[in-house]
Amino acid sequence: MERKVLITDCADAQGLITKITGVCFKHQLNIIKNSEFVDNAQGRFFMRTELEGVFDDSLILFDLNEVLPDSSHVKLVSLSKKRIVIMVTKEAHCLGDILMKAYYGGLDVEIAAIVGNYETLEPLAVKFDIPFHFICHQDMTRLEHEKKMIEVIEAYQPEYVVLAKFMRILTPEFVARYPNRIINIHHSFLPAFIGASPYRQAWERGVKIIGATAHFVNNCLDEGPIIKQDVIPVDHSFSAEDLAKNGRDVEKSVLSKALQLVLHEEVIVYGNKTVVF
Amino acid sequence: MERKVLITDCADAQGLITKITGVCFKHQLNIIKNSEFVDNAQGRFFMRTELEGVFDDSLILFDLNEVLPDSSHVKLVSLSKKRIVIMVTKEAHCLGDILMKAYYGGLDVEIAAIVGNYETLEPLAVKFDIPFHFICHQDMTRLEHEKKMIEVIEAYQPEYVVLAKFMRILTPEFVARYPNRIINIHHSFLPAFIGASPYRQAWERGVKIIGATAHFVNNCLDEGPIIKQDVIPVDHSFSAEDLAKNGRDVEKSVLSKALQLVLHEEVIVYGNKTVVF
Amino acid sequence: MERKVLITDCADAQGLITKITGVCFKHQLNIIKNSEFVDNAQGRFFMRTELEGVFDDSLILFDLNEVLPDSSHVKLVSLSKKRIVIMVTKEAHCLGDILMKAYYGGLDVEIAAIVGNYETLEPLAVKFDIPFHFICHQDMTRLEHEKKMIEVIEAYQPEYVVLAKFMRILTPEFVARYPNRIINIHHSFLPAFIGASPYRQAWERGVKIIGATAHFVNNCLDEGPIIKQDVIPVDHSFSAEDLAKNGRDVEKSVLSKALQLVLHEEVIVYGNKTVVF
Amino acid sequence: MERKVLITDCADAQGLITKITGVCFKHQLNIIKNSEFVDNAQGRFFMRTELEGVFDDSLILFDLNEVLPDSSHVKLVSLSKKRIVIMVTKEAHCLGDILMKAYYGGLDVEIAAIVGNYETLEPLAVKFDIPFHFICHQDMTRLEHEKKMIEVIEAYQPEYVVLAKFMRILTPEFVARYPNRIINIHHSFLPAFIGASPYRQAWERGVKIIGATAHFVNNCLDEGPIIKQDVIPVDHSFSAEDLAKNGRDVEKSVLSKALQLVLHEEVIVYGNKTVVF
């Protein structure tokens, strides 16, 4: 007995749930959990089905393609641990939270390696016996730097790349290599304060709530499909530094939660949005 | 084209989703939204299916009973406005919120009547042209008082009875007459502070968060299946009166939200718990 | 024995608390509650002191001016009910919440009148016996329309003007007439979605949290000093209409809370920010 | 120039703020932040004053005692890092969060040592170079076990003892040794679910919100003065194990926040309550 997740993303039509669950039933798979969503504006159907049983993947997918509309996307994936590479700069809080949660089992993930454009976080990686690759960006073009990082990353064949406060902008080439597979934490409640120094912007604007946003990175201007957001209340007595300090707690918690959702196959991207089941 | 909700509550078995949605498909009903839950501890299956189409109710239910396990509970209900009677004592905030939301369309409900054991809230009922029945509890036994209230309530044939800060304890006889059809707001975060004066208890205990709980009333000791809870942060500077004043906002918002969930057929009761889809 | 609030806003200096509370002590005023804040970036000191006793206002202010730096702002105000005029268009939820809370004592305010550019909400005003002035904006220039509204508003001498979903942009002339005395509710978590149709923008962006912002109106581009903000979680299943419907609850609750803070003299404006004690 | 915090806890009287800040002014100390609270029910005054300057502690305290009522408690403490000992059993999440935050500067603390009644968490302590003392409770009386732990703890002279999921009940003797200096995390929203297995209790009751409570340990029956509480929403789909897993995030975040408040001298205990400035 194994556990897998079936993700269906197709044009909406009558009878889809019956047909899909019918195939599962035929293959004697037990439905542990099922979630659907129809985007009526776009006539699009999304379903996530958590299944238990003995899987003949190719036969199941064949049967599904028989009953589904043309150009449907179907994927049947195991819920076993996924491999990630984490990219960092100097700040430890997001990396630290992922390392610690992976350590005690709060996050189902295999951290294959950490890539940093500074050496600052190497000692933290060492504590947890994770390979740390220091790839300095100085005296290099952006493309040269990314080429070096890509070489390292590719060696690990990660399913996702996690930007845990990696503070450099990635080129469209880098991003295109990992479509909907790069997860970033933005230290503001997007789309507020999109540019640099969001905490300073928030302080200058005198907001009463600050937040953080975890999102996939794509080449859209406004920073990709949002996975998870959270906020905390603040007040006039917070300096820009206080906002940043308190914001760190939200950043790390939002990134870890988004990562868990992605790892657990609960997120489907479509256009610049996500369905989070 | 009409819209209805199908609620299924039965023993868990393989293929239930396929079978139920298959019946919907056969009757050419479009599934707008579907939610399922399996309580593995009890082997019980729950499903809420929002449907659009032309309904032959008895035929649909016949077909469903053919495919479902024995002693399943199935109900097919319209999403049209439901009729309620509200019971009150002296406090206006919960009643006021329901009246105002019903007035501007924030709550899909027909308020048939208000029953009060004090006259205090009659002027508020009059503003909104709702019949107000003052049934004083003085010089009567509890059963006599309830008998009078039941006579009035029965005349309106309400689907639900809402206790909007009705401050008297109801007898098991009264409660048994409306099984899972009486909704109450308790001014604490249950199961904390179950007894009298929860805000004073909260103040004495020095809690940093207070809350409110909307629940169905049954004859269990600990006050019935919970529908909705919410909380607000408080601190040392709140007196017991401040807690009560601030708590009122949570009470009214939790009661209105719970009521909306129930009216929209999103709540299934089982045992002393609820499934809220 | 009366209760008043002393608000001090001046250049920062050593000994200010001692000097100000010393004057209170000299006048035998009891300090019920005291809050201070120093904005170090601007070297500015703010203090709110809630006092109880017998007040000789001019003598107290004279003594304070003796000990405070030049060009300090000091105000000594009663905590009695303040008079407001509410401006509305067609939506009832914010107006309804203020009316209901004022009715049952959840908001310490005297609603002098309601001004609407549509007749829609007149029946609601009538229920609560508040004068409603329908001042249609059609066939008029913006200045002519505002002139008519100002005539009506001025007759009531309100301390604050509350825009409870008043959907027209006010001219700088109108705004300048009520400096830091116009309170608006913006149906987004500012500074996100500043322009029109924020809920549609939020839906298109796929955010996971929506919010509302109550702020003073001034002639700054980004909509004035923020008083209060709050948010609710949303997900992919919310249509733009669902966002708007759910957002209404946050809008009304944020506006009422901001209004209560202002009425209770807990808000000091400086620059484009507020100190909220 | 140094920074210290002055905590005053005394009988309420007129002029206290003037007198206390007057002493600060006389000693040319700059007030960075000042917070007061009067508990009117008990006629008690509390003040926390953050000061900057050159401190002659004994002279300042002498001057304060001159102006304060008899039997006042005054303490003048540095904001430098405080030393703690952490007690654990098997669960890593709370310990891990404190270690990680201390590592990257999110918590101003010196972790002198960790004491565990199991060896489970020794490797985690080793990663961060903190001495770990395994003191097995088997084959010992409770008093013998505590005696051994006390010997170890005393050697480090900690200012606070933090119970980071230490799952044994402490004797009144142990508790009495560290009055208001032992901080515990209770995995429920106190006073709900006081006894064993709170997550299972919560699941059986069908609550819609779960929480955690950080508190000082004393010998009161209901578990001591509350420092901090927080909650998360849950629903019917959470098993008791899911509640526990999700609850861990709240537990660790509440404990870390409570600890930071205590370390930063923002908490005053009185009776079974706290003032948290």
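As written, the chain order gives the labels A, B, C and D, with residue 1 at the start of each chain.
As a convention for this text, a residue touches a chain if its C-beta (ideal position, glycine included) is under 8 Å from a C-beta of that chain, and two chains touch if they have at least 3 such contacts.
Here the structure is a predicted model, which is why all the values come from computation and not from measurement.
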Once the Cα atoms of subunit A and subunit D are superposed, what angle does the rotation have, between 0 and 180 degrees and to the nearest 5?
-> 180
With respect to inter-chain C-beta contacts, which pair, B-C or A-C, contains the greater number?
-> A-C
Whole-Å gap separating subunit B and subunit C, where each centre is the average of the chain's CA atoms = 35
If you average the CA atoms of subunit A and of subunit C, how many Å lie between those two points?
-> 40
By the touch definition above, subunit D meets two or more other chains at residues 33, 237
Residues of subunit D that touch subunit B when the two form their complex | 37, 39-41, 189-193, 205-209, 211, 222, 225-231, 235-237, 239, 272-276
Give every residue of subunit B touching subunit A within the complex, in rising order.
-> 14-15, 17-18, 21-22, 24-25, 28, 30-36, 38
Note: in the complex, subunit C contacts subunit B through residues 33, 91-93, 96-97, 99-101, 103-104, 106, 124, 127-128, 237, 245, 248-249, 253
